[in-house]
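One chain, subunit A, appears in both complexes that follow, with subunit B as partner in the first and subunit C in the second.
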Partner chain A sequence: MIPGQKQLSSLEELLEGIWKQNPVFVMVLGMCPVLAVSVSAVNALSMGLATLFVLLGSTLLVSLLRNVVPREVRIATYILIIATFVTVVDYLIQAISLAVYDALGAFIQLIVVNCMILGRAEAHASKNPPGRALLNALGMGVGFAIGLFAIGAVREILGAGKLFGFALFGPDFQPWVIMVLPPGGFFVLGAWLLLFNWLNSRKATPVKPVEGHAHV
Partner chain B sequence: MNAASVNPSQPTTPSAAMIRTLGLVATVCGILIVSTYEGTLEAVATNKKLALERAVFKVIPGASSVKEFVVSSGGVQPAGNGVPEGAVKLYAAYDQAGALKGLAAEGAAKGYADTVRVLYAYDPEKQAITGIGVVSMRETPGIGDKIHTDAAFLKNFEALDVKLSADLKSLANAVKVVKHGSKQNPWEIDAIAGATVTCKAVGKGINESARKLLPLLVPNLDKLKASEPASPTPHAEASPPLSKGGQGGFDSGSASSQRLNPPQPPFEKGGSRASFHAKGASS
Partner chain C sequence: MTARIELRTSPHVVKGSSVERIMFHVVLALLPIAAFSVWQYGLSALALIVTITLTCLASERLFNRLSGQYSTLSDWSATITGLLLALTLPPSFPLWMGAVAGFMAIALGKALFGGIGYNVMNPALVGRAFVQAAFPVAITTWVPAFAPNRFSEFVPTTFTAPLMTPPDVSAWAKSALDGFTGATPLARWKFDNVLATPHDFLSGAVTASAGETSAILILLCGAYLAIRKFMDWRIPVAILGSAALTALLFQMIDPARYPDPLFVLLSGGMMLGAVFMASDMATSPVTPKGVWIYGTLIGVVTVMIRYFGGLTEGVMYAILLGNALAPLIDQVTQPKVFGEVKTIKGKGA
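Showing the complex of A and B:
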């Protein structure tokens, strides 16, 4: 528990990452994999799940060790733990599907440097008991996967005319190729961020006078 | 005041504790990694092998078993452990009756983004390449990755001439990639407009591999025809007899259905680079 902050209920803790603090759409973290592997819905989901696995594993370990690890070496410890789970997920994906492994390429290894994961370890897992930390990590991981999927699905639909590999439009569909190229990643991410900010500002405007200084 | 506030309030951690913690965490992490590696080793190897066999069957339609050989100046040998210096790996595909169905080998060259690895089928009778498939690439989606979908481009490989010169020492004509629409000879590859770099990589990979492989292979072709798949296989592990439905690494039983119906990659279209696509001449 963080002193001075009211304790969130379990549901709130879970929803924190999925909606209020969504790593992709609200916090805009871990953009490197988000932009790079979101060329298709399947790639995006695989990456989301891989990240979720690393996040859960490292969160659990960091949370369990939170009273043992001296502050001076905490970053080294967290990185070591995160790197371990990334290596594990790397082997697991190779064992499950080489096709997925080839599609995700170097971005599996690069989960190590996903700032969202180190951020969770430092800001949440190191201060909370395992149950609560896992709940928060689950929310964050699922939120990240949803964000990736939202971008990946749009890019695949527009850029290839497909979703999960199934053609959605007739044979005459002319793919909007730029959407599966790097610029497309920025376009789609930008559009989603626009939508989220617009939703937030719409919700915030009428409420503001009533709520006053409720959240600072 | 200043110095006092910096120093005492928090007791410093003894060095031994830091080292102990890091050492402990490192040990736990090490055990985790090694056990995962050991645990997945077999599955990964099976996956890699399956992917290769699937790839070979796609460029050689009608094949039902694959054997690996190494071709070097010493002749054709069953593939053992690793490929010796200067040798080329060759995949010989046989149909159910044990007759040689075709040969396949890999070519690789630097493409636009990364090495483009292709598998090509070689028909000894026609002395031509009869199909290609992409093993791996990271080419630009929608541009370079057209090499496995563009019908006009794949038509180049229905009968790409790789005849040897009279002395059997080199290719009579090097495989060449030409600008889109200017193919004139059967040894030329008509590039896809806009994806020339990738097409050139395909051509270069095939040319380099064929140039090395074919002069060594052609004098020894009879050896491959003679080797019955039913005879003790040179495959890495002791393989079950062919009648049981396949070579080691294959889950037996699925072989016959795969032959009738070319296997779909389990991950079709998860991004162009993900799946293996190939088109044989007659498929």
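Showing the complex of A and C:
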């Protein structure tokens, strides 16, 4: 726990990652997989779950070993721990669905360098007991998966007229080609960020029309 | 006591021209081109122009409300965006896609940056670039000009249900006009090596976007704006001049392969882009030297995309690129202040 910070309740710790510090919409971390694999809802959700698994596993180990690992080599140790779980999830996805494995491609292995996971290990798991660290990791992982799914769903609906592979609009749907291309990922992510920032700013200060002209 | 405070940037000199007035005159200058387009393509072009303009106005109002500003509809800029956007799209473009383009033009091109004067790129072209990437088939589906039934019926694609694929229009186009090929002069040059004659262009009897074909009309309206000093004449002159020179150079190298400069100037969106899009005040450089660089860059890039790119038309991307570079061009072409002495490097104050 960071000194000077109020101890959060268990529920707050869990909700931290899902809402207040959402890795995708608030912290904007781990954007590489978010933009690259969010072409469809299935891909996005698989990536989200894979990341959640790695995050939970590595958080538990890092938290348990937090008093054993020397400070000087902590980052290397975290990476080693994360890589172990990524290898597990890599083989797991291959065993469960080869189609998903092919669709996600190198981005499964690249979970190793997801800064959100390393950030959790460094900023939270290495300073908290296993229970609290796991709770926080669960929130963060679920928040990451929700963020990925929110982008993947919009891109699949507009880019293919489908959700989880089911056609929503019938055979005559006109796909928005741009949505399955890289710019589509940026547009949808930007739109979600806009929405979240707007909601937050509305909560913070109610907007009033400016009196007169304000050309600054 | 609540005093009404007006914060405005300098100059504080009271002068006849204002943003509203300039924009209103640009709208006036665009109306003849829109009218010609309706005369050429009939009801479908009219429906497209009206739909897109209304979408742009509605989007502008929506973003005004969301950001807590007063309405900026009365400065005419959203109207210009709508008109320009409609004139760059094929007349058979489905209305729902037009509405998407209009919304994206205002949202991505303008509102995100903070509204009029703050936008980096021309909003109309941002909208067009979005639908070009989203609906590549619909935006390259053309219908013949001067179809005999253009004032009695709509093109079948116009009223495509939202989110649905537009129907195949080739049968309708063939029945409307015999011998219709469905390709623009640029595409016919690029893929079939067939050159359209200047007469085809000037009479408007070519396949093109709604407002591209009336070169003389565009030049006249542009001249009106330039004479009234509502537009920097250097920009269109630099674009058209550099494009013509580049085309001439290529024609001298290989006359069999490259078309003459007149074809390059008259075909596609060159005229409309040079006169009305690139000259947008907010997105072009302000220094005299910078304006020439900016125009030349757009002209040369357009010709390069047309000759060597995968697309048949390059004006849109050339202008967007020019827009993006405009602040940089301004920075490196700052004029020297009178009496300023160049400081020696290392000894500067």
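The definition used in the following text is that the second predicted complex is superposed on the first by the 205 of 216 C-alpha atoms of A that agree within 3 Å, B and C clash if a C-alpha of one lies under 4 Å from a C-alpha of the other, contacts with A are read in each partner's own complex, and residues count from 1 in each chain.
Here, a residue touches a chain if its C-beta (ideal position, glycine included) is under 8 Å from a C-beta of that chain, and two chains touch if they have at least 3 such contacts.
Quantities reported herein were computed from a predicted structural model and do not represent experimental measurements.
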With the two structures laid over each other on chain A, which partner does A:10 touch: subunit B (first), subunit C (second), both, or neither? neither
Just subunit B (first), just subunit C (second), both, or neither: which does A:102 touch? first
Can A:81 be said to touch subunit B (first), subunit C (second), both, or neither? first
Contacts for A:174 in the overlay, against subunit B (first) and subunit C (second): which applies, first, second, both or neither? second
When both partners are placed on the shared chain, which of subunit B and subunit C touches more of subunit A: B
Now for A:94: first (subunit B), second (subunit C), both, or neither, which partner does it touch? first
Which holds for A:200: it touches subunit B only (first), subunit C only (second), both, or neither? neither
Where does A:161 make contact in the superposed view: on subunit B (first), on subunit C (second), on both, or on neither? second
So which bits of subunit A does subunit B touch that subunit C touches too? 177, 181
For the subunit A and subunit B complex, residues of the former touching the latter: 37, 39-40, 42-43, 46, 61, 65, 68-73, 76-77, 80-81, 83-85, 87-88, 91-92, 94-100, 102-103, 105, 159-160, 162, 164-165, 175, 177, 180-181
Write out the stretch or stretches of subunit B touching subunit A in their complex. 13, 17-18, 21-22, 25-26, 28-29, 32-33, 36-37, 39-40, 43-44, 47-48, 51, 136, 138, 140-143, 265-271, 273-276
Quick check: in the complex, which residue numbers of subunit A touch subunit C? 161, 169, 172-174, 176-179, 181, 183, 187, 198, 207-216
Would you tell me which residues of subunit C are touching subunit A in their complex? 2, 4-9, 66-70, 97, 108, 130, 133-136, 138, 160-161, 163-166
